[in-house]
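As written, the chains take the letters A, B, C, D and E, and residue 1 is the first residue of each chain.
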Amino acid sequence: GCSGGGGSAPTAAPNPYATAEGMESATELIGEYPREETLFTSGTQWGPPASWNPIPGAGGATGLGGLLYEPLFQFDPITLELKPWLAEGGEWTGDDTYELTLREGLTWQDGEALDAEDVVFTAELGKVDAVPWSNLWTWLDKAEATSDTTVEFTFSDPRFQEWDNWLYTTMIVPEHIMGEWSDDELLSNPNEEPIGSGAFKFSAVGQDRMVWERNDDWWAKSELGLEMPMKYIVDVVNTSNEVALGLMLSGSLDLSNNFLPGVNTLVDQGSVSTYYDGEPYMLAAASANLIPNQTRAPMDDVDFRQALARSIDVDKIVSNAYGGLVSKAHPSGLVPAFEQYYDEDVAAEHGFTFDAEEAKSILADAGYEDTDGDGFVETPDGEKIDLKLIVPAGWTDWMEAARVIAEDASAAGIKVTADFPDAGAVDDARATGDFDLLINGNAGISNTPWTYYNYAFYQPVQEQMLAGNFGRYEDEEAWELVQDLSRTESGTPEFSETLSQVQEKFMTDLPAIPLWYNGAWAQYNESQWTNWPKEGREDAYFPVMWNGYVQMGGLNALLALEPAS
Amino acid sequence: MTATQPVSGPGTEATEPGAAGPVAGRKPGGDARETLYFALRNPKVIIGMVVVLGFLLLGLIGPAFLKYAPMDYAGPPMAPPSADFPFGTTTFGQDVFAQFVAGLRSTFLVGVLGGAVSAVIGMTIGFVAGYRGGLIDELLNMLTNVVLVIPGFVVLIIINAYLGVRSVPMQALYIGVFSWPWVARAVRSQTLSLRSRDFIDLARLSGVGVGTILRREVAPNMYSYLFMTFVLLFGGSILTAASLDFIGLGPTNAMSLGLMMNQAVQWSALHLGLWWWFIPPGLGITLIVGSLYIMNVGLDEVFNPKLREM
Amino acid sequence: MALAVNDLKVWYRTRRGDVKALDGVTFEVADGEIMGVAGESGCGKTTLGKALIRLDTRMRHVGGTVVLDDDELPLADDGAMRRHRYREVSLIPQYAMSAMNPTRKIGRMIKDLLGAHNVRYGDVLPELERRLKLVGLEPDVLKRYPIELSGGMKQRVVLVLSTLLNPSLLIGDEVTSALDVSSQKAVARALVEFRDHGFVKSMIVITHDISVLFQVADTILVMYAGHLAEKAPARTIISDPLHPYTKMLIGALPKVGDRYEEQQLEGIEGRPPSLLEPPAGCRFRARCPLAHDRCAEAPPFREVAPGHHVACWAVS
Amino acid sequence: MGGYLARKTLVYGLTFVVAVTLNWLIPRLMPGDPVQRMVARTAVQHPETIVAMTDYYERMFGLDLPIWQQYLNYWGSLFRGDLGTSVWLFPTPVSEVVLDAVPYTLGIMIPAILLSFVVGNTVGAMAARSRWLDNVALPVGYLVTAMPYMWLAILLAWGFGVALGWFPVAGGYDFGLVPQWSWSFAFDLLQHWVLPFLSLFLVSLGGWAIGMRNLIIYELESDYANYLAALGAPRRLIRQYAFRNAQLPQITGLALQLGTILGGALVTEIVFAYPGLGKLVLSAIQNQDFFLLQGTLLFVVIGVLVANFVIDIVYVLVDPRTRTGLTGGTA
Amino acid sequence: MLTLDHLDKVYRTGTFGTSDLHAVRQVSLDVQRGEVVSLIGESGSGKSTIGKLVLHLLDSSGGTITFDGQDVTKLSFRARRDYYRKVQGVFQDPFSSFNPIYKVDRTFETLRRSYFSRVSSGEWRTRLEDALAAVTLEPDDILGKFPHQLSGGQLQRLLIARALLLDIELLVADEIISMLDASTRIDVLNLLGELKARGLGILFVTHDLSLGNYVSDRVVILYKGRVVERGVTNAVFDDPLHPYTRDLLASVPHLDRTWDEVEAEEAERTRRLAGRCLYHEAITAQGRALGEEAEAADGTPDGVGLVEYAPGHFVGCFRKAAEEACPAAP
């Protein structure tokens, strides 16, 4: 027989189940994970789990950040609050000093204490260029452990919004282990015997699964009185949505974070459930934007962009392509979590809504006319317009949406054809600016609306645009506004004021056209575990295990689960 | 690729000994009529042809009679087959029958083009290798082996991914480029046996060049064999294309039967009970390709009298 | 009398009708006689040979009887014929070059074949080796594959194999045609020797090469278009042929020493008739210089001298 | 034989070099940049950081070197048995990823190939003698062979998995099980194996049967069969010979098929979420994982080459015709 | 007219030409106008190979072939076409000499396309009829038919007619009658005799000695690629010098003598020769040592391994190379 999913780490035996040598002893220990004590999840991992190193920020097994390693704070996207986690709290003690206090009695899973030195160590890892938070040190001056549980951060340029972001996205790592790694190893060590501080320990791994086992010595048990209801979490590696749905329906999966087309039908039938009982079923996770390439005519013309935006009937996309699984985006582009920041006045004045007639009249006013009678307008210079909207092949929902967009735009006189190159080719086009139109949803939910506008306006425009402003919009004033925003503390009146200005700029210039919200896809099978997050519940969290979302609610959702029987 | 081989691999070998028959022992000319006579009396050929031509016809003239375009949101979503929508509708309310008919076209196109491309490459290489022999033969053999050894389907995926935008003809072209090796092998051995025939030498004594000899003397002798090869390639291309379409690398700007299956699966058709979306395209392919294969056996019987007597 | 063939008719079924390849032949082969069959290509020589042992699926036994050693052979019944094959009638086929399974060692194949006839290989082995030696082969050919032997060797192996059970009648079809002169001679002599040793009682040797027949055969039967033309002792056929066809056939053969400059030989004008719908009467009529009205009726195959049969009205 | 072996080795060696070079080259022709995709997944927003990370990974993968150097390094590490590190599954070594997946793929492919070969040939041989089988079984065989792999696979998954619930539809073994040496685990493995195996098996079956049928018919018409029949050999013996001889070209067909059935296995594995090479290859392509792709391809190429080589040798051993053919000494 | 001088042909067999097959070794001979020269030998002795070399269907590995003083071993494609105007071939199997799927006319058409594209169709028709008449064929019986509808003799004559359409001076006839019926053979042979009378040179390849004897003026006996004996037909047949030739002659089935009779004659001759090696003796008689002729070869038209035993009657040796010892030498 074959050794099956016998561990991707045959060198050492971090746990008895992971390798063939460990098999015999494993039989004695456990043959299978008892169904009633195990939570089966899927939808996050798309390949064999390969790394348990949290530093690179990606590529880790599902739940690595959040279940095994933990951040200082959690962020609740529903309340928009940072909640102390490893930290007991933190505050700005001066214009550019921030003092962080850790909880008492934090321990690593190997029994070592988790203290201020570990936090300093984690922050200082950023001094290595390739560490994802190396940028921190362009505006942070110093991180100093003032006691076992306190750390003082001194900033050269306090960027409040970014700092908050760091606090909950960065996992604190053990100095006593990673301190021994070389700089190169920081990113390339697979860390096959991970020691974290979290609720779960590494248990076993296979080609098609990752298994976590409850950490019964978790600090939060005593500190916060929290206890995980399940002993094991088995995360099933995805191959396709079809398979996920099959597993879900057969009750082999409890939580699926896949986009499962048609799941609305199943929710209506009662076979699975979601956050909302009806449309849009899912919480919103990010806005999907239509990005016009503003280095090309006519997308460089704001009137044209406005007309284009109004020509698209997003409702049709929502109901047809998604069957109501998503909702239409607000013209500000901000996800509904930021509803409180919406400036509805600005939206009423400058925001766009679907209106093909208006789109046509804007075009006509700006000199776009159909001079050759082919049913499509030409530029004021008389150039033909023939735009390609690219969406990665295989992204079926977006492909369907792109078809609708192309159809609608064409109906308004703007010739657009949908094209579906390979995902890699779309990446290339997006980075190099070699496209007319594309759809992008990179800026997801975060602690601050700044993230979205940073994404939309990011400047300076460079040869390769990798993180934002793929449309290569150029406007200094707008960029200054965004930078101001990052330096403003949220909750302050300046913050909302600046935010309104940014929103206005966004709606008038339309560097990106927000269309709908991609959902925080999550569907539950309640046959084994109940009490899943639902609309209207007090303690409802984002029920998502995606990387970065565990500390944004995923963990709390798990904590709240109850066995069905 | 995927399915070309299972049939054509052994199939090729199978036709080889017989092909020595048609080449060596054929008495054609007056027997063209005889061939036709047997072809028209061979139930396998007839059944195969009727099915394939039926689908072809549907694909060709079908669209003219349809109310909706394949991608139109034509009716209620997820409607089961009815008078209005004989194959029902998709999740989006698209007419599955309209898609099926449109898909038939691309499917035939892929079959014909893919088959033609690999036939042309395989035959050229086979002819040249078999006729020239020597070092050229060795080199071409090696090329054939390399293409054979490299997992063609994987390379196809890569190439398909490489193409920014994929069209049916492009897909066919690339499929063709990777499915010729067994054709080359078979044609080569046929050519080898023909090369030793005296009429080739006589043509050379008439001052005719290599190309002309291959074209006018060698190839025509293998027409029946080449035709059967083409039938196999035709079916193989369709299956390969369907596999590519299925894993999401189908044409991006057209409808095909494989793409229909892909979409049906992507949108969980079977789990949602939309069997009418998933069954017809696969069944269509199966029937077309199956009929081609059956027709091929029939043709084999027609061309090789030994089989005919069975 | 070993073999008596009486009015045998064997036709081929084709889409265009029956090919009357063997259309009523009557002759006898005596014990110990080697009878040669000669004639132009397509005249039915092979059909005659095959008809006596195994009709293939396309052949049809239309009429006539074959009696071998007082037993009538059930020609049309493949199953019943099986008992007679090999032990009573055996064959060296025209295709001796490919007559042996290419993937089996020769000894193994013989063993399998003998097993099927309930004969123990071990019992026969000494005799087999003796006969191989007789035809000039080492017994170790049994351990070889057919492809490792030359054409002449294969032909001799097939000869030994076919006669291993001492059949009454051996039919050899174009046994020597594919060989060059030296192997031809060896094989031809082996045939005679086998008869002399009594391994086979009588033989029918079919070939288009009359000079070989002259060397091996006691009598020669000349066929023309599915009919018999003449049968006589070999020397008589060569030196005193009676049938005009035989005469012309022999006359067209140059002897060593004949030279074009000195003496021009002549061929036979025209072609044999189609066997699909052969003309009634004497089939050689169209090419015969002696043809007259009488020939519209088929001439009987008459004995005009002891052991000399001719089918021609012009011969009295 | 020695010379033949040397020659074959030379040819296979050359083929290997060319194939490996293509393996190396082909992924590099794809659009997109693996490192960029990798960095993009970290969702880091700051260009400076992105540049630094990109540099780091490029150095890591040796992608900063001139292309010819990359090529030479590739050969160098190949000889050290090092296939590099996967980009997509960073930092797992490619060899590890591939070796973990290979047992599953081989586990369905080898039985499917061999069993379909054996069963197909047997059915074909039977069809060659029975009109009934010929007229009924073969058309069915054709239709099965004409089915797109995934269509059959999905129908099987849906029918036996979802609707009837007899077999699981995903995974290499139950997600609730721990691998161990026990009957229940083995049984579970088997249960997960059945459907993927079946879909591959069924599609391959028809081809063999048909090939065999045709070959046997030719063999039964051959001279040696006629001769045996003329010497009164029973049909059984003749059939036995014909079957044996007809199998030889089928063996060559088997070699031809090895490389291509992978395509089928790939699609099948995707349908059944079977943790073999299939999904791996597809993901490697989608993630521009040069190294994983190279590694997987290399594995396949070596596998196919070795199989072909073995078949070549075996062929020579079982078919004396080829053996004398190559020494040039005919008749 | 045609002279072969030390012609060699090595076939490369096996992958990358790993093994060699020396099919023709140091063959020298010549054919004059109005003369039939027969190449006689057993199967595999290299007869067809020589024919093909002369027709330039194969490249030679060494030696020269001169036609009217011009070396034809290295002709370009163009020059070859001119060569083929004068030299043509007819092959063993008339059925395989015609593409079975075309009517026989096609053979002539091919010729016309290459050589007579400017000839009007009326003119062509006349020429064709003349050529067919020369081989005693009725155009109406023949043209428009498929090869399988004609007899071997008719086809073979058609092929000769095809050659006659060109103004040929030399015909290579490779076993043109061995596939024919005894009755039609003689017609074709007689036709060759007529052609010879018209002044054509004919290289007649055969393994049948009686046929070689019937038409040829001189014969060349080949053994394993070597010429072992060469001379005027009567001389060779009446007084074979080489043991192989004698063996060959003794194996021929005669129509008037049985093998036993022939063998008795042969035994008598062997007894007379009493183990002498005529070649060896001739060499010694010329005052040369064995092996010397390799150096002496230059300038002697006789070539290596052949000595003139009697005027115009050469005998050779089996030895494959000059260094080998004479098999019959003491």
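Going forward, a contact is a pair of C-beta atoms (placed from the backbone, for glycine too) under 8 Å apart; a residue touches a chain by one contact, two chains touch by 3 or more.
Source: prediction; values computed, not measured.
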{"item": "Count of contact steps on the shortest path from subunit B to subunit E", "value": "1"}
{"item": "Pair joined by the larger number of C-beta contacts - C-E, A-B", "value": "C-E"}
{"item": "Chain separated most widely from subunit C, comparing mean CA positions", "value": "A"}
{"item": "Distance between chain centroids, defined by C-alpha means - subunit A, subunit C (Å)", "value": "91"}
{"item": "Gap in Å, rounded to a whole number, between the CA centres of subunit D and subunit B", "value": "22"}
{"item": "Whole-Å gap between the CA centroids of subunit D and subunit E", "value": "55"}
{"item": "Whole-Å separation of chain centres (CA-atom averages), subunit B against subunit C", "value": "50"}
{"item": "Subunit E residues counted as touching two or more neighbouring chains", "value": "15-16"}
{"item": "Contacts with 2+ other chains: residues of subunit C", "value": "none"}
{"item": "Multi-chain contact residues (two or more partners), subunit D", "value": "11, 30-31, 154, 162, 270, 286"}
{"item": "Subunit E-facing residues of subunit C, complex", "value": "40-41, 180-182, 184-185, 188-189, 208-212, 214-215, 238, 248-250, 252-261, 264-268, 271"}
{"item": "Partner subunit D, residues of subunit A touching it in the complex", "value": "1-6, 8, 10, 17, 20, 23-24, 26-27, 30-33, 35, 38, 40, 46-48, 50-51, 53, 56-59, 129-130, 132-135, 138, 184, 187-190, 204, 206-209, 234, 236-240, 242-243, 246-247, 249-250, 252, 422-425, 427-428, 431, 442, 444, 451, 454-455, 458, 462, 466-468, 548"}
{"item": "Of all residues in subunit E, those that touch subunit C in their complex", "value": "42-43, 151-153, 181-187, 189-190, 192-193, 207-211, 213-215, 233, 237, 247-249, 251-256, 258-259"}
{"item": "List of subunit A residues in touch with subunit B within their complex", "value": "240-242, 245-246, 249, 260-263, 265-266, 320-321, 323, 393-394, 396, 400, 403, 417, 419-422, 424-425"}
{"item": "Residues of subunit D defined as touching subunit B within the complex", "value": "11, 14-15, 18-19, 22-23, 26-27, 29-31, 134, 138-139, 142-143, 145-152, 154-155, 158, 162, 203-204, 206-208, 210-215, 217-218, 221, 249-250, 252-254, 256-257, 259-264, 266-267, 270, 281-282, 285-286, 293, 296-297, 300-301, 304-305, 308"}
